[in-house]
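Each structure below is given as structure tokens.
Presented sequentially are two complexes of subunit A, the first with subunit B as partner and the second with subunit C.
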Partner chain A sequence: MSSRKKVLLKVIILGDSGVGKTSLMNQFVNKKFSNQYKATIGADFLTKEVIVDDRIVTMQIWDTAGQERFQSLGVAFYRGADCCVLVFDVTAPNTFKSLESWRDEFLIQASPRDPDNFPFVILGNKVDLDNRAVSAKRAQQWCQSKNDIPYFETSAKEAVNVELAFQTIARNALAQETEAELYNEFPDQIKLNANDNGRNRDGDNCAC
Partner chain B sequence: MASTSKDNAPISVQDENTPDELEPGACPESILNPTDSFEEFASEMSSSLQERNALTTKSSTISEIQSEIGEEKDAQMKTTKSADDLQSKDGSISASASSSNLTEENGDDTDNAPENYLHSPELINKEKHVFILSSAGKPIYSRYGNEDKLAGLCGVIQALVSVVEEQNQDILRSITTKDCKAVFLVKGPLILVAVSKSNESETQLVLQLTYAFNQIVSVLTLTQLNRIFEQRRNYDLRRLLSGAERLIDHLLIFMEKDPAFLLGAVRCLPLPEKARENITNAITTTCHKIRDLVFAIMIAGNQLITLVRMKKYTLHPSDIHLLFNLVRSSESFKTAESWTPICLPKFDATGFLHGHVSYIAEDCQACLLLLTVQRDAFFPLSQAKHTIAEKMRRSNCLVAINDALNRHRDLPTTNPLKHIGIPEIRHFMYKCKSTAQLFTSDPISLDRLQDYRMRHKEGGDIVEKPIKKLSDIDYVRNYRQFCSQIHCTSIPAKLIFRSNAQDTILAWVTNGFELYVTFDALMEKDQAIKAVDRLLWWIKKEEQRIFIMNAPTF
Partner chain C sequence: MSRSSSLEDIPDQCKDLFTQDGVLLKACLGRPVTDLNSIGMLCIVQNPDQTKSIEWRPNDLITIDSDAQDQEWAVVNTIGITMSFAKGRRQRTLSGNITSDYATARARIIKISLDELKTFRVTRNNQQMQFSTKPGVWQTTFYFQHGNAEIFVAYLKNHIKTAKTRHDRNTYVVVEPNIESQVLNRSFAELDIFTENTTDVVWNLMSNLRQRPYETTMEAFSKLTDIVYYGNEGMNGKRDVSEEVADLLTKSMSAIEDSTTLTRTDEYEVISVKPTLPPRPSIPRGTPLSTEKWDGLQDTEGRVTEVEGVKQLIFRGGVAHSIRQSVWKYLLDYHPWHMTHAELRALTKKRTEEYFSMKLQWRSMTEGQEARFSEYRDRKSLVEKDVNRTDRTHPFYAGDNNPNLVILQDILMTYVMYNFDLGYVQGMSDILAPLLLLLGNEVDSFWCFVGFMDKIASNFDMDQAGMKLQLVQLQQLLLFASPELAQHLAQKDSGNMYFCFRWLLVWFKREFSYRDIMRLWEVLWTELPCANFHLLICVAILDAEKDILISKDYGFTEILKHVNDLSMCLDVDKILSTAEGIYHQVVSAPHLTDQIRVILGLPTLNISTSTHSESEQASTSKVENGTDRNERNMFGQDMDEGTLEYNGIQISIVTKTVWALLA
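Showing the complex of A and B:
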């Protein structure tokens, strides 16, 4: 009864190694940042409750490893995701170029029912650094070309736009959730087919 | 100074005491499917990944009944895909129990809230956890704590299961640590996990997880459960199960306490033969004209009073256990007649039966379930119930039931140990295999179960309590390891005799029965065997009272 209002969203964070996926998540969940780089092994799981339009939403965040050798875990992790967050590093153009393949990879492996409208969010991270190499315009253009994926420029270090980005993630995933609400038909469908074998097996075999 | 002997040899007494060769409680026809509960999890454990993924098709029993009844409305009703029977019954063994320490390191996150939650008083030091999640890793049920806050843990569980599945093409069965077992069961779109510090074996835990799964199926049907996740793998199943968590809670407690689950058998309410016959007659004479009634089941205090069935259909004990659990967990049945859809997973996992559920009378705590395939049969069944209740009252059946429930002093079954007259026997439980029925020396009473439940609600914590006097539930706990030795698939024991300073336990299985007896400490073998002879003789003598010895149909 109490769980009626509860919503849990599975959010997958993808992107090349070192773009700041774990840092973004840490900033969002724990309000912390560390300059030290520690590669994620496999995946990390964190949860955070957020409030979206008076609804309490639990975000189950799957922070995956960006390194190639962990990629085979993909299918299992992507299964049943509600939203996918793609992260790149605005100072490293190759991480931006990878977005396309990350997105494709996700759509292939997760095979959501409605791939065109599956909620993605793109985060261009590390905007606090000076050596920027991917312009906001270029990123936005790409996002527009992909069915208007929301784009945010973030800094996990300085907590720029992190909260807002995750709010949007929750909101968009939730919108999908309610839109595709299962039609809860009375689940009592019974197959009716003549089955004469059953009758023959019956007890009226008194061959006396 | 414990001496354990485990051999199949030296008992040659079994035939002397059973005059007509049938073991106590056995009868030519049974209302229940004879089962070995362990067969089920043996099959669960031996199925390989491919078998699990291959869905075998099985036709629906309910459809079969419907088609026989030949309703006119047939054409209007929609059809569904038939069962995805996920339990493959035979197959190669690919057991892979791994042993490792599961430690979650999460670097510098030590002070974040979800991480701490795993160590909160709500979760720490519990004897047994049960978690249910979707194959996407979304939490569905946790026995303790708030499953929302366990989303991270569920992610880890899903990762463990799928890494073994997808990288190693294998199935994760269990993880064993020094003091704790984690047992995993993947059933359809769900992942079920038990993490236990109790003395239950891996197979006993798998059985409990299977029951938990069947409880969910009982609420939704397997068809709907599979369909939901086929359509939306990210579905949050809690929405459909809200209100049913309580059924799983109760079931888990029930399973820990009642040996009926351990043995895959049903306990009957001991009644004079005549009284049971009258009750059965009241039902058959009233209901024989109701065409689509499949089962009429009367129960009281988790015990079966009678079961009348449509010809050629029998029930599996585990379906009856789910009915017991439903009735026990639902206070609302006490105040009003109810009409409720019930799926009995062993009978037909693909569809609902419709049940008229009500207590017989204000002054009699017996509950009658009339299960039909007809969706709108409430009124005729309600009428039938009143007729049955009236007939039962007139033939004094209500008094007989109340006497049995209140454990009237004059009944031999109220205090069997006194009647048998062997003071060395402290406790016993007996299962007649062919009828899947059970009798114990000290029926676990409602009140005591309630008492355990209360304690449980407060904690379910592991308590190192000083043992003053063993209760029946404690005896059953002690039998667990004997039970798993007897049902062990590799080297099953036929007879186990263990004597030490605390007590002497004898476990004995034959083709016809299973018997577990606790004697006083340091009992001699010969003496114990003599006592068992006497015990079996008594059970045989009282069999008409303590078992249901016929299989009535409408």
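Showing the complex of A and C:
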């Protein structure tokens, strides 16, 4: 893994409409905030070079529309994702409740190689507002119950924790990417492991 | 999806009774994990011994190429395949091909005999189906990527008798397999609705290919070339192929000669002709409909009689800004053309009352009511979120506490009450904002918004079927009008045209300034010169970017970025003119297919099959007839057309009436 070839990390931002996906992306990439971002229609992405553990990597951050009915078209953009960022609005409990279905939906549509260990990061956004309705504790508990997903409380408006969150996103995405390279080198080994995982998942499905 | 009543059954072959594309294999006991998560086609098949099975075939069994001259086989995107099968299109060459992995892929077919099927269930919003042949184990799990499993289940129920279990309404137990199937099959065959099934063609080809690969390939090529360029006639051998070619050549659409090659092989003559569109006429834009003309077009009592003429003028040059307020109400079906001033006043009064009574419905909702009405609450909050981020940089909507935002909110909320089933969908605020800016009046804006929504409601379907259909139609138009680009996009995983989603959803609202979007919309509202002209606008924009997209060898992400970045860099008049030019190129092309005719709302030539004309795409027009008919269609029946000759093509631009109006 010491190869110095150019690394592109594909990151997908998901979450309900109006939680601040576009704002977070723009705060991270352009260091800017605006109240005037329009609702995202279709999909768009921004790229940024970051340094992770002395490696220069390019993050390609994808932003899609949040309204549920547009998700069937978002699928085309999930392919090959290295990390998925799920965003909710700490002032809107519904957006927190949706996290689970966003996660499930992503796993179904993106069909990552190893769904149990696919990197997610959760962002509770808009912590600058006073009318908070989802406590940090509640959010953390949920993240812990989901295989210890990293959780950050952010404000895209005031640039709180945005840099830190995206550093983690990049690091986890890079780990995923590195694993993928390993997999390609030893395809046979993986088959066995992945197969076991697949069976477990199957069991889960039956219980639903 | 397609249903089959295959005409030639090869004895040792299975017959597809029903197929559904875009089905992902999620889990299957006993299969290696590498087989999972691949896309394929889920079918109900009839076996040679008359028993039936559910069969899943991985997509890599079938490859489809969009150009028979190409040496390489390109797999086009799944949606493309789905729709092309569904429509039974022929204009794109379909050919089965044995890939090097054929045997491996073949081994990955999953087959479940209906005789053995014990139970199945449908979960996850009807998108997931699981099957079991012994109690307690779900052996296979499929995920329906496009749409859901409803239709598949409905067809499956035609072949087995099922009962729902008491404890779980999503689980079906098979009661008596295969009882009614014979009867049903016959009735389908007797109906004979589907004269040919492309899936069958591919499968027949494959089985032949195994036995005599060379001959079959050659035969396929020549047949398919016939279908593509000469329609059924060539296929049936009623007309000598070389005679057809000679005809085409005499028509001499410039480049054809260079691109025609005849290759003799031992037995078969392979003919390849690159179909060429006639040259693109450059049609100048006209001047906007002026106040004087508009006044002159109304009779003393205010009726507009020359509706068709007015629409043509607007199509040519748009509407002068000073009279847009008035004209848009007609274009958006708020004001009927034939009404007098007095009638319009009465109508306005009625519509005003109607509007405020609907507005009162939500305005009078108490906090308590709202708290217990989550669906309403969700919509309200979605509207609020979007209104607060709609065109806030435009002075009309800028600044804190802008009263126009309140009106925007009120209209959208009232629309939720007007059409609760549709509700509010993102994109609607974009559609409304220019209307309110122009009309300035809440009631007028609402009713004009209703009219606009009526034209594009399918864009906002819950299942996005309307958008998906348009994306497929756009791909088909592009393949016809700009094949080189269409092929490039297909190779770059972009054949699904998703990068045009924003254009289509809000009719280019995000791509143009207010001034330009007003011009574009009023032209599109005339519904001239054909249906789905907005798709030709897309083709025009893309065609202008063709050289960049191809020469820079842009891939999926670059294509999307490039297209997104065109926003606010487009010249509306140039695009309108190009789109009209492309329209004329397309309709006067000798190889115009019924498929394209259907998209553009032109009469198809295959009258006998009009009930399912979409699945009959193979016919070719007689050039002369086709052109005449299309041109007539363009302006309705009456008209003595004013024509313009361009490079030998007669183009109808305006009628005599309009010439007179223009004078």
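Quick notes on this structure:
As a convention for this text, the second predicted complex is superposed on the first by the 174 of 208 C-alpha atoms of A that agree within 3 Å, B and C clash if a C-alpha of one lies under 4 Å from a C-alpha of the other, contacts with A are read in each partner's own complex, and residues count from 1 in each chain.
Simple rule for what comes next: a contact is a pair of C-beta atoms (placed from the backbone, for glycine too) under 8 Å apart; a residue touches a chain by one contact, two chains touch by 3 or more.
Just so we're clear, the structure is a prediction, and the values are computed from it rather than from any experiment.
Of the two partner chains, subunit C is the only one that A:Ile108 touches; subunit B does not reach it. When the two complexes are superposed, the chain touching more residues of subunit A, out of subunit B and subunit C, is B. Look at A:Leu129: by the touch rule set out above, it reaches neither subunit B nor subunit C.
In the superposition on chain A, contact of A:Gln60 is made with both subunit B and subunit C.
In the overlay built on the shared chain, the residue A:Asn30 is in contact with subunit B alone; subunit C does not reach it. Judged by the touch definition given at the top, the superposed model places A:Asn94 against subunit C, while subunit B stays out of reach.
In the superposition on chain A, contact of A:Lys38 is made with both subunit B and subunit C. Contacts of A:Asp82 after superposition: subunit B is touched, whereas subunit C is not reached. Contacts of subunit A with subunit B, set against its contacts with subunit C after fitting on chain A, overlap at residues 38, 42-45, 60, 72-73, 75-77, 191, 194-195, 198, 201-202. Here subunit A touches subunit C in the complex through residues 17-18, 35-39, 41-45, 60, 65-67, 69-70, 72-73, 75-77, 92, 94, 108, 111, 191, 194-195, 197-198, 201-202, 205-206, 208, going by the rule given at the top. Looking at the complex, you find that subunit C touches subunit A at residues 24, 26-27, 32-34, 36-37, 123-124, 130, 138, 141, 143, 145-146, 378, 381-382, 385-386, 388-393, 425-427, 429-430, 460-464, 467-468, 496, 498-499, 501-502, 505-506, 510, 557, 560-561, 564.
Here subunit A touches subunit B in the complex through residues 1-4, 6-8, 10, 26, 29-30, 32, 34, 38, 42-47, 49, 58, 60, 62, 72-73, 75-77, 79-82, 113, 180, 182, 184, 187-195, 198-199, 201-203, going by the rule given at the top. Residue ranges of subunit B in contact with subunit A, taken from their complex: 59-60, 62-64, 66-68, 71, 74, 77-80, 82, 106-109, 112, 114, 134-139, 148-149, 151-156, 158-159, 162-163, 165-167, 220-221, 223-224, 228, 231-236, 238-243, 245, 311-312, 341, 350-352, 373, 375, 553.
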